[in-house]
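So, here's a batch of structures to check.
Both complexes shown next keep chain A, but they swap its partner, so chain B is in the first and chain C is in the second.
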Partner chain A sequence: MWKSRSSFALYPVSIVLGLLAWEAVAAFVPKGLLAPPSAVLGRLATMTADGSLPRALAGSVQHMIVGYLLAVAAAIPIGILIGRNAPVATAVEPVLNAIYAIPPVALVPFFIIWFGMYFEGRVALVFAMCFFEILINVLQGARNVDRGLVDAARSLEASGLALWRLVVIPAALPFIFTGLRVGIGRAVNAMITAELFFVAVNLGQMLKTRSNAFDTASAFAIILFISLFGLACQEGMRLIERRAIPWHRGSET
Partner chain B sequence: MSRTRAWTLRLAGIATFLLLWEILGRILGEALFAPVSAVVAGFPATVRGYKLFAELAGSFRQLVLGYFLGCAVGVIVGTAMGRSRLLDGLLQPWVSMMFVTSVASLVPLFIITFGFGLAFRVAIVFIATVWYVLLVTYHGARDVNPELMQTARSFAASRVQTFTMVLLPALYPYILAGMRIGLAHAIRAMVIAEMYVIVGFGGVIYNSGVEISTVSLLGALATIMVVGVVLTEALKWLGRRTAPWYDERQQLSN
Partner chain C sequence: MASLEARNLYKTYESRDGAVTALEDVSLKVTDSEFVAILGPSGCGKSTLLRILDGLTPPDRGEVLMDGKPVERPTQERGFVFQSFNLFPWRTARGNIEFGMELKGVPKSERRSAAARLIGLVGLNGFDGKYPHELSGGMQQRVGIARALAIDPAVLLMDEPFGALDAQTREDMQDELLRIWATAKKTVIFVTHSIEEAIYLSDRVIIMTPRPGRILASLDIPFERPRSEAHRTRAEFSALRHEIYSRLKNVR
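Right after this comes the complex of A and B.
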């Protein structure tokens, strides 16, 4: 997401200063409203050590992974097919924009009607939150394949399949990977959203219970845990991206 | 592709979508997925029964507050981070962290801090908007032509003058692009917050969702969809109108 290298050295300073500032602010805020970082990190450590956070995460990732993989499997082929066909791309654009404008959480009542309050419903929400994000990136990639490359391949009499395998797919890969990376971030987001808006389970249940008990330190710790997991997922995807398409360096943003 | 052909294709796309909705709706029935004809016919009743537009207006007053607050802070902090290495390094880890944090996960915590009222909904919309505006402005501020900054310096422009007379105009297209992306997230956040505590327009969606028929639910969803599309297009139009170089920059910042 961020490009600068020179400011890396400041990161430890930044984290320490930030924690100190947070601690100072928390000392002035009425008790319980804002947990100080010392308490939050303490709760994070205990809840990780006693296994309650990892156990809850193990339950949470199930609907996340299923929903994400379904979204990937649907969005990549659909995105490439639409993107390679200019008239179709123009025709579906307003409809896609319109559907994209609907907040995914607003679809929860539908998912409850169609898939129920439990696992299937959560998978549907993860799917809905990831699908369009990945689709839009893949579509853009397929659209932006250099015409010169395609023409050159055609003039060398590359057949349909070879054209796809050797030109279109490699050229669209950076966009596909961007879609996968943005998508995994959305998937982590959707994972916890689903657990708060369907029947509360796993991490969502923990977060709700701790919040209802006004235990802000634990609630903060759970949110921090989820955010760290989200960062880890995105960084993991970035690593895979660097390995898979080492020729592409412009995909950092 | 000519303009007429493009518009014919778009209209054909919309017509096909509506037709598919109608057919699917007829097959599945109102309880599962109401056809578009039933949603249109039932829309006046939905508006009356749920005070749809009044709730929408009320929700938007809070949205506007949080949204513009988020835009203002995002632009200022984003510009500062883009122009200062020190601030960039000091704020980056926290901004990156907040950027990945799910807005929904903050809802239970924000309720403790802000209660269920105005402050809570404004805070959620603010937090959903600010990081997107900040990020896009930041990238814009880093790319500002150095010659412009040097010219300002050689004319002894003060910091405030440099900000208002050089940086802001140069960043304008980026800010508009950031505001457009931020808007989508602001609307999402508003619905998340309101569905969680069942108030305002999000409350309408929640309550219409537990009805036997999906006519009202689809009417509410179509309403929020139209509002989102219209506002997004309005921001795009504003960008093209006031900054002709906007289209090009917009693609860069996506």
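Right after this comes the complex of A and C.
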């Protein structure tokens, strides 16, 4: 209790101290190299108020949402099938691990060949960057379904589809939600990566133009905006998780 | 009415130290409304036997007959209560109890009233909306018993159901079970490694020995019902306990 209260107090203190240190360092550095936090926050406020940041975000989220949803739609069924099928898992896991080890950005040249430099290419990169994160979590969840729960359901004469629907999937839900939460963080990451590595548009374009102009205050403001957006996405997912699986809280023993 | 019979069951497991004979030529017959305890040390195959009786695990050889018909898979004619409760954590107490009825397509209103009656029977009034992690071990097993009873089985199979509970809760639950049994009138097969629990609860104790798992003896328990604390302190009770104890000791 004491620990959590004191860490709550420390949280804003450390942020304020960090900002003060940054401000102090920036005072001695040319503006084009490092903007002070006061200027960054000022730019963040103006660029939000004049609508330029929200407009760019509205463009960016399109490929993020499409790529993320495609990844979710593919990773959940594939993860459950692999996780519940030991021979299949043995066969495909080495391949999956090999693909997982590739940095998705290394695939950008191929994505350009296969999907072009625009929307489809960006969607492909978002998909590639979050699919495996989600898949691995879903797979673990499906694999770790408590055998005792399956026995309990079978003893009540559940079999076939009912066993999947009423036991395997609900039992895997906490892992699935972890996958969704980790995955959306990756999707935000991929959203910007795609706009920097393909044709620069939306937030990525703004970020490129501002840094090329040595307008570090604006560039940092854009980065901060993206980071806050990513945080909001993950917190939103956590909220959905709490609503969807209220039984999970406190059941981790 | 309901009888459950095992004929010449064999079961061998592969383990790291080679093949383990869990059951060797095990036969038994349990008849209507009887309360039978299967007693033996851990590793004697008694849980395996119970799982085979339910149809959860197939035997290598031999067969199980319920009212003369072979048992090949679990059905709602038999209910199973697990040592580790195995409640569905995403369902409330009521939701757990209704699981078997849902599978059979029982209408919601009917399920609700049946669940309410069972919640009353197992003494959980007011806890029907709680999730398993919000309940104590004893309460969780009450839900486990109600869930097994909800499918109205003729036979209740119980696998060390109170083994995970503390001593005090365990004795309370034994009395609760006898009270429920007197109301529900089911045939009960109760697996335990506690000699005292076996004597206190049952009409008959079947003693098993390990490696290979075999039935050593079957003893009738002569005490009248209803049973109470007073039975535990009787001279005959201690004599029985001693007899079973020395029999188990001699085979080791």
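Throughout what follows, the second predicted complex is superposed on the first by the 241 of 253 C-alpha atoms of A that agree within 3 Å, B and C clash if a C-alpha of one lies under 4 Å from a C-alpha of the other, contacts with A are read in each partner's own complex, and residues count from 1 in each chain.
Going forward, a contact is a pair of C-beta atoms (placed from the backbone, for glycine too) under 8 Å apart; a residue touches a chain by one contact, two chains touch by 3 or more.
Values in this document were obtained by computation on a predicted structure and should not be read as measured data.
By the touch criterion defined above, A:93 lies against chain B but remains apart from chain C after alignment on the C-alpha atoms of chain A.
Between chain B and chain C, B contacts the larger number of chain A residues.
By the document's definition of touching, of the two partners only chain C reaches A:170; chain B does not.
In the superposition on chain A, A:196 makes contact with chain B only, not with chain C. After overlaying the two complexes on the shared chain, residue contacts for A:155 are found with chain C alone; chain B is out of touch.
In the superposed model, A:226 makes contact with chain B only, not with chain C.
Common to the chain B-facing and chain C-facing surfaces of chain A are residues 253. Within the complex formed with chain A, the residues of chain C that make contact are 54, 56, 73-76, 78-80, 82, 84, 86-91, 99-100, 102-104, 131-134, 147-148, 151. Touching chain C in their complex are the following residues of chain A: 146, 148-149, 151-159, 162, 166-167, 170-171, 173, 245-248, 250-251, 253. Of all residues in chain B, only 1, 6, 9-10, 12-14, 16-17, 31-33, 85-86, 88-94, 96-97, 99-109, 111-113, 135, 139, 142, 184, 187-188, 190-192, 195-196, 202, 205-206, 208-210, 214, 217, 220-221, 224-225, 228-229, 232 touch chain A in the complex they form.
Within the complex, the chain A residues that touch chain B are 1-4, 6-11, 13-15, 17-18, 32-34, 86-87, 90-95, 97-110, 112-114, 185, 188-189, 192-193, 196-197, 207-208, 211-212, 214, 216, 219-220, 222-223, 226-227, 230-231, 234, 253.
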